[in-house]
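Quick heads-up: structures coming right below.
Next come two complexes built around chain A: one with chain B, the other with chain C.
And now, the complex of A and B:
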């Protein structure tokens, strides 16, 4: 489709937990500057795909090409050094550490200069002013939405080229979820950040995304632009209207 | 009173007399089952070697009654003070002055400690006790790196203490090396053993980790006990050289420090030297820990305690992070061990039993995991308190157990459960104390 090589290209990826195969040959492409949504039901393998990009579990077969380089055998802790950042499922912020420390943890692994760190921090605070208000508060005392902002902020502190978001709207009030999605859109438009977002909230995710993939039982069954997918009757039936048409 | 009751119901606790009575009744039942054989029936060997026994139901009844009454009292106290949010009932001004006192407590304690040998110059007992307390402060601070910061429950910490002690003892008695050469070596050897323990337990967490570290502590002790040719087995190592002040011995000889300074020799000099030595070692431990906490590695330790999965996603190498925590903690244990050996002049495996590990762990947990001042206070209370209640003889363990239960009820996070943040924004951004307060438990 595009002339340039995609930022992340996943080809024939297989991964398994013991004998149970969670990914059965997945192909996904993400171009630089895109927001790509991955939707699917519980247990479809969305989160597994995210985690396999980070090398845990390891890919059994297939390739994960980041900027043209196969990273499927790079150790987990070095993936972040390639400037791929992740906001994991369930947020997983550090509850006893302060907001400032949580953010600092994101910057620790990179070799960014103090000035870069300062400007990234300013950017995070501009996106999520709530974090600035609560900067000395313990992470565990934040509300769910603020924790999600913190998780995204922490991921941004490593100045990523690719941001992986695993269910950012999980357990959030609709209004807060909207704020989060707005922030992601701003990041993409203003900073040109490439985002892969895994969501159960298909409606939100597909409206936000340039392109989307639908995953069922470890396989990609549908792909297309966000608007296209939103129009597909099977998507509407399965993910948007609570299965009423089924 | 009404405010209090809403507070307690908010905490999801059923209040009221039936609840208290039910709880007390259950405790009394447990006591009845436990003590019916232990206290209710007394057995003894008769004059001809036959078994004689008689019942003591009166004693049993009084014990069960005591448990029943005690349970009511504790429950009432607990409801009076509030579940764990004791801070909520403390008015803000008092709280502020308390936190002010807390800020000066550390420095005040340090100054006092520095002055102890001056104040109690003629009281050998207090000086010895001070050295003992400081040894445990150091061990507590060392273990705090592993348990408090990295969150790795280590029940075999005494192993590193033993490695350090035996390293110094054997190097000094066999090769005649001085304390100051052996001290870093003892720390290094202990750190190596820390890494050796670390490797097999990398994948373990929580209970499983605790069991393996417990076993590791026992293995080291049993090896020392049975490797007769090297360690002397149960006979231990004796004649361990006393430390010198950079080559100047602290004895009655012509080369001794007293002779060189032209003052009259007193055996107290050595005690005071030991006191300042362990104080310096403990402060070194504290300083290194405080410094490390502000570096990425220290933050990685704390993050590891909080969430291992998130650490990996952030690009932290959990393997090296865990190993450095084990190695750092073990190194300080090794230093303390070397000091122990030079102070005692004699070591044997009996000094390195599981009880020591448990005691140091109790100090860390009681003090508040991760809090340096809390650990120091806990060591002072545990070791000092233990001596204070010596007059109570066999009952002192009871007093002690009681004190620990009470602390765990009212301060489940330890004496100082508050964790000082390590990252501040630019100084221009003044941090209001209200926000900092949120950090409290």
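And now, the complex of A and C:
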């Protein structure tokens, strides 16, 4: 393991929807084995950053280095083959496919054997037993929390080297949100899974993460360890006190 | 009663042909949200390829009819699939991210191109073939001398349709390609995020739709004993109607719609007037759509997410 090169290094990244610039020169680094949180208000560009890593939208300037290789012009479907997985904003599970098929969609990108796939599936079911109960049910009939579990489970099925999680706790009951955060922590500790997590729930995310970045209007304004950021008065004022407590 | 039974058989055979074409409309609509107006002409091309390859094989000295038909089927599917692939590649893919009407206009253009290309290349005359599959069964002889006939040709059309539908259903529901097609239909961006090559999957959809339409073209050639450059227009409109009637985007709906249109047309011709059979088919379509706007098996646009 080369500790010197980060697994993902984003340098001066700019991206736009039409004429509206959503990312205005973003720098983020994620080392292998880290959980990194990205926090910020609605519309700050967090989800855009997640999607730009996959080339949707394409970067207008800057670099996205994965394992030292610039992937900013690699076609979207090939990025998944580098074993980067995303549980995107809005979950985007396939509503007219069964839970089993949704999970299989995640596994298709790997060239793993049936036995390997089976063991990954067992791990996902161990993390989210609810999915096992509903394995033949159509994705669209699941509750919000179950859909969230399915979206994360689907991403895990590709045995990712880097997992991007966009608002995994959005709209979930606190108990279920905690289950999901616990699952992420377990994956990180046991398998060394590298995670970039976007959250509006800054308190949860910064407690979970090793390091964090704060994003405002398409720019990174603060960076530090999770604990440091939690102590910053401006963070407390903007994202914790008066915001949603959990 | 015998007369009715006979019309039922005729209607189901015609409906099978419509159903095979309708699948192509509904698949393409499901995945790219456009009506492929050139699809009827792909059916016509399929009929011509079947005719040409049949004549070629016969002139090469082949005499075993079953072998010839099998080869004709394979050649027609392969060559017509290539047409389908090419049409998508040159006329639709460049317009994928353009405004919604652009690929539809391009499709109408492609329809003219294919029609006129066939007319120039093959001539405007109707191309007849002698009956190749002959014989049949008399199912029931009525007292007034009316016999219910089931020809071998009719049996073949229905059998081929059933076999193809079974294979096609298996492909869509059980294979990776089918799963990728359904994923692209539901959320193309997410499919790409999971490593699905969306362009390739869309191409394959056109290829499969064209292959099924070519089989319909070949069945038409054998059943009616002729093809002409203009036959894709009316058959295409009918099959499109079938797809809408069944619920556009729904695969079982396309087959059901095809059978319904085939039956309506045949029964109307039998009991009322042949001249107004198209009026009857389209009137039923309008009536069904008034009461069931998404067709017989279509799903409502709004989904719980």
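The rule is simple: the second predicted complex is superposed on the first by the 239 of 246 C-alpha atoms of A that agree within 3 Å, B and C clash if a C-alpha of one lies under 4 Å from a C-alpha of the other, contacts with A are read in each partner's own complex, and residues count from 1 in each chain.
What we mean here is this: a residue touches a chain if its C-beta (ideal position, glycine included) is under 8 Å from a C-beta of that chain, and two chains touch if they have at least 3 such contacts.
Because the structure is predicted, anything quoted here is derived from the model rather than measured.
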With the two complexes overlaid on their shared chain, look at chain A and say whether chain B and chain C clash or fit. clash
Report for A:138: first if it touches chain B alone, second if chain C alone, otherwise both or neither. first
Quick check for you: in the superposed arrangement, does A:62 touch first (chain B), second (chain C), both or neither? neither
Count the residues of chain A touched by chain B and by chain C, then name the partner with the higher count. B
Between chain B and chain C, whom does A:160 touch in the aligned arrangement: first, second, both, or neither? neither
After lining up the shared chain so the two structures overlap, which partner does A:80 touch, if you call chain B first and chain C second: first, second, both or neither? both
Which partner chains sit in contact with A:100 here, chain B, chain C, both or neither? Use first/second/both/neither. first
Per the definitions at the top, what is the overlap between the chain A residues touching chain B and those touching chain C? 54, 56, 76-78, 80-81, 86, 88, 92, 94-97, 101, 104-106, 108-109, 141, 154, 158
Partner chain C, residues of chain A touching it in the complex: 54, 56, 76-78, 80-81, 86, 88, 90, 92, 94-97, 101, 104-106, 108-109, 140-141, 154, 158
Touching residues of chain C toward chain A in the complex: what are they? 176, 179-180, 182-183, 186-187, 189-198, 303-305
Under the touch definition given earlier, write down the residues of chain B that touch chain A in their complex. 296, 299-300, 302-303, 305-307, 309-310, 312-318, 419, 421-425, 429, 431, 435-436, 438-439
Along chain A, where are the residues that touch chain B in the complex? 54, 56, 75-81, 86, 88, 92-98, 100-101, 103-106, 108-110, 121, 134-138, 141, 154, 158
